[in-house]
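In the two assemblies presented below, chain A is common to both, partnered first by chain B and then by chain C.
Let's look at the complex of A and B:
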């Protein structure tokens, strides 16, 4: 059997995306949802292939392509993570297609659907390259591939002024963070003469290197990555963009974009751990993010906006992992976060088409659709961190890593804010199970979504009881 | 003789002007121009660093100069998508003023 190498995975996904775009351009008559199913099947095939890739190890002697790109275990794991996320997002998008159609008045029935299904595949290529990038040039180019496809996706329903507002805010703030990234890269290159992360680490170990200028560059890059992972004080765009963007895109932003951001953050910070200020800075950002995200979520009445603040809060827990530099705790937390976030968004998309996005709109959901209410229940208790769910173990591993490193302030703040989280997640559960609603009609769920939601429920509980497979996959 | 420091000061000033433009101006087109200014400030310092850091053969580090071309290309793509979004916004709202796009609130 011939072995598959890691770069072939990205090329396969790229070809898939282009093929879908071409079919959409030249086959005007077909039902455009077929394109989504082709995309899902193609990505699933690449996902299977990715298990046959042997992870390599990165060395500082690597030349040519391999000085930009690494195929280590962490990157293969997060390539699979990106593929799984994109598959679920495409399933959510097929559910969302009716909303999309109604936002293009006067156009033909299928207008705009093809691109809506093709763009996430290009974003996926960007995410897959990003988790493999070990050179600032490559990090920049793949980050921009992700960001520019997101510009289009966020403002996709362009007849809706709210969406356009979200798209504009995302455009300006994202471009601003890019400018900071490039300026930071310039300074780090100026100090070390390198753009490869391994060689930057070697240069920083040399006492002749100017530490202050390197720290200045690192802070600029931290600002840029802070935008991507929604860390305080760079979170201002998150609530507005999450609320205004089409819901499947919001789910994609909060899972895919954030996970890739954390992998890049881990890789970029590694050379700078020699500087003592780095860890202190991350601890401060983590504390601010935890407190802000959880407190600001308390008064929210719109579920999409609530999930935006919850995404900021989860970035805070993940930053505890970054401060302790525990890649496997972060990896497990991100997997748990993927499952529970996609679960919540999947239910939200289906329910929002019937009623709305407010928490009140979930009143009496347990009577109207016990299946959807149960799925949302699992999503919410996992986000809150109730035992026997993936979310609980994710927080447990993060806090355990923090205790081992004696980060008392982080652990105490983390535990208090978890209590805070229980309040706002249980608000949704209360609406579903204890409030009554005037509407009693059933909510239809199609077969594919039912399958996807069931898979997410099972995985959330299974990983909450038996986390070993993910931990093994992350072990270096 | 122009030194590396001079280039860095100019690029720093450009970056701050761009940042101030993004923060203070109200017109989206001007904000987009200010963002371009920030990217070009970074380009200027990259080229300056590359030119003044010659290796043992006496040649500058050309990798970073190629990186500058990547930045220019990506910035062009960003502006293309950005202007399309602003045009769509203008059609929907008849405005490009950031004051008027604040319906999403806490």
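Let's look at the complex of A and C:
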């Protein structure tokens, strides 16, 4: 068997995306959902192939392509993470297709569906490149690939004014954050003369380097990445964009985009760890994010908006991990977050088509569809952090790292905000199980979604009891 | 065998959720668990003080995390309590109108979680299992509760969630206070390492405080008790039986299991604070209990108050008092379950539990009033019922702690004040009995019928266990004392714990 190298994975996904676009353009007659299934199958093949890639180690001596691209264990792991996310997002999109059609009045039945299924695949390529990037130029290019495909996806149902608002907000603020990123890169390049992260670290170790200027550049980059991961005070766009975007895209934004942001953050911060100000800065951002995300989520009545604020709150917990610089704790948390967030969004998409996105619309779901209610229950308790779910172990590893480093402020705030979390996540459970609703008709769930949701439930509980596979994969 | 007891209720719950007939499956599961617990009790080797029936599945070698279960005397007693109360609670639940299968599944999850926590030797599962009860309790109170159920459900859930995360911090800190070479999540390994003095005094103080608050919230230690009366008053009777009877005892069990052997310095350091708080439980909450005007609230407060005695036994850390604490935990679990069960049946018949509206019910419900009488006398601590044995051992043991000829140590003062608690509980319990069952029968209640025969069985089981261990507390003492003796003699010189004979109870304990 021939060996597969890491860059071939991205090329395969890229070819897949192109192929789907071409088929979409020339075969106008087919049911466009076939494209989604082809995409899912293709990505699944790449996912399988990715397990045969041997991770390499990045060295500062690497030249050419390998000076900006690394295939270390962390990057392979997050490539698989991106693939899994995209597969689930495509499944969610097939469920969402009817909504999409109804938002194009007058157009043909299948208008726009082809691009809707093809764009996530290009986003996936961007995410896969991003997690491998170890050079600022390459980070910038792959980040733009992700962001630009999101511009289109977020405003896809553009006849809807709320979506249009979301699209504009996302476009303007992302462009702004990109400007910060480029400016930051310029400062760091100006100080060190390098764009490769390893060489920047070497340059910063040299006492002759102007550290204050480098730190300023780092802060600018932190602002840009703060937008991506939705850290306070760069979270303003999150609630409106999450609420306005098509729901599968919201799920993709909150999982894929955030995970890639954290991987880049870890890589970018590594050279700056020698500077003591870095950690203090991250601690402050983490505290603000935890407090803001959790408090703002408390009064929400719209589930999609609630999940937006909860994604800010989870960024706060992840930032605790960043402040302690524990890559495996962050990695595990992201995996848990992927499972429980996609689970919640999957149920939300199905229920929202029947009733709506408000928490009240979930009233009596336990009677109408015990399966969906149970899935949502698992998603919510995992987000809240109840043991025997992946979400609990994620918090456990994060708190473990924080206590080990005596980050008392982070730990105390973390525990209080976990209490808030229990309140707003249980509000959803309360609606589903306590309240009764006037409607008693069953909610249909198609086979593929049932399979996907079952897989997510099982994975959430499985990793909550047996986390070792992920911990092994994350070992450097 | 231990795994079988843990997974009996949990498997039954999963089967019920998958569509099995709810009540039958639940009853079968709890009867099987009870039978298995009896088998363990019979086959238990009382001479050995180590864990028995140990099974272990490795989960994460680098974290020393494994799913390890086993029982020693202490956990055996708690598992026996859990299975008895589960059986009684499930039997009592009867037919549920709304979401019957969810109701039984929730009850079984609470029970399985408690049993799992008692049987876990691994710290992670010890913690995780007890949290299994959190969401079912929220649903039980929220869906099937009465009175101010919404506020009560939120209060108990948020309180216990924060408490359990404080506990989690304590456990993580405990794990990290050991040197890296002996770090383990296995309680046996930690106990062995702590006996070698590998955990520093400072760390012990910090960890103990976190554990005290974390467990204290679950046990409803004053001033963290405010969730308890409200929740128990609103909860459906079987949920209150399981929560007050079994789950609350997990906190005390945790303190005995972890604080006693691992953190002796911590418990010495915080003993003064704990004594003040537990007197808050006994005196302050006791007086509040007297002021209650409803039976369910009165029972809720009384269950908070009785935790004070058990804390006194744990805090004074002599073998006699800690053994007494375990006996009282067992006895209180049975008696409060009995009282909540009867209060629940009363509520079904009268739709009110306000004292002023009740009265004279003994005429129409002779069996219930007799059974309630047993519960009342047990709660007061009358000889012949198991509570008496526990309380008197606690009082003797606590009075002995720190005893010097010429002055009163804090534990003597606490014991004297705690004895007044017995008077307080006599006042409120007898008053409740008189207002509910004695006096003139109102016309409204003329049509009320007594308990059905099938409901009398679980009541008889609970009273039988109370009487049995009231007359023969030795069997409990002999099961528990060896474990506690190893915990307490590993730090203290033997002379301090060897008591001079002189009264019967001590001779019972040392036989």
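Note that in this section the second predicted complex is superposed on the first by the 476 of 476 C-alpha atoms of A that agree within 3 Å, B and C clash if a C-alpha of one lies under 4 Å from a C-alpha of the other, contacts with A are read in each partner's own complex, and residues count from 1 in each chain.
Here, a residue touches a chain if its C-beta (ideal position, glycine included) is under 8 Å from a C-beta of that chain, and two chains touch if they have at least 3 such contacts.
Not measured: the values here are computed from a predicted model.
Visitor: Clash or fit: chain B against chain C, after overlaying the two structures on chain A?
Guide: Verdict on chain A: chain B and chain C fit.
Visitor: Quick check on the superposed pair: does A:387 touch chain B, chain C, both, or neither? Answer first, second, both or neither.
Guide: In the superposition, A:387 touches chain C alone.
Visitor: Under the stated touch criterion, which partner chain does A:175 make contact with: chain B (first), chain C (second), both, or neither?
Guide: first
Visitor: Applying the document's definition of touch, where does A:379 land relative to chain B and chain C: first, second, both, or neither?
Guide: neither
Visitor: With both complexes superposed on chain A, which partner does A:400 reach: first (chain B), second (chain C), both or neither?
Guide: So A:400 only meets chain C here.
Visitor: Quick one: classify A:166 as touching chain B (first), chain C (second), both or neither.
Guide: A:166 contacts chain B only, not chain C.
Visitor: Of the two partner chains, chain B (first) and chain C (second), which one does A:366 touch, if any: first, second, both, or neither?
Guide: Second partner only.
Visitor: After superposition on the shared chain, which partner residues are touched by A:430: those of chain B (first), chain C (second), both, or neither?
Guide: The answer is second: A:430 touches chain C but not chain B.
Visitor: I'd like to know which partner A:321 touches here: chain B for first, chain C for second, both or neither.
Guide: neither
Visitor: Which partner chains sit in contact with A:411 here, chain B, chain C, both or neither? Use first/second/both/neither.
Guide: A:411 contacts chain C only, not chain B.
Visitor: Using the superposed model, determine the angle chain B, chain A, chain C defined by their C-alpha centres, to the nearest 10 degrees.
Guide: 140
Visitor: Taking the superposition as given, tell me the minimum C-alpha spacing from chain B to chain C, whole angstrom.
Guide: 24
Visitor: Would you mind writing out the residues of chain A in touch with chain B in their complex?
Guide: The contact residues of chain A facing chain B are 136-137, 140-141, 144, 148, 151-152, 155, 158-159, 161-162, 164-169, 171-172, 175-176, 178-179, 182-183, 185-187, 189-190, 193, 195, 239-240, 243-244, 296.
Visitor: Which of the residues in chain B come into contact with chain A in the complex?
Guide: Answer in residue numbers: 8, 11, 15, 18-19, 22, 28, 31-32, 35, 38-39, 41-43, 45-46, 49-50, 53, 61, 63-64, 66-67, 70-71, 74, 77-78, 81-82, 85-86, 88-89, 92-93, 101-104, 106.
Visitor: Which stretch or stretches of chain C touch chain A in the complex?
Guide: By the definition above, chain C touches chain A via 17, 59-60, 62, 99, 102, 127-129, 131-132, 134-135, 138-139, 142-143, 154, 157-158, 161-162, 165-166, 168-169, 172-173, 176.
Visitor: Would you tell me which residues of chain A are touching chain C in their complex?
Guide: Within the complex, chain A touches chain C at residues 366, 374, 377, 381, 384-388, 392, 396, 399-400, 403-404, 411, 415-416, 418-419, 422-423, 426, 429-430, 433-434, 465-468, 471.
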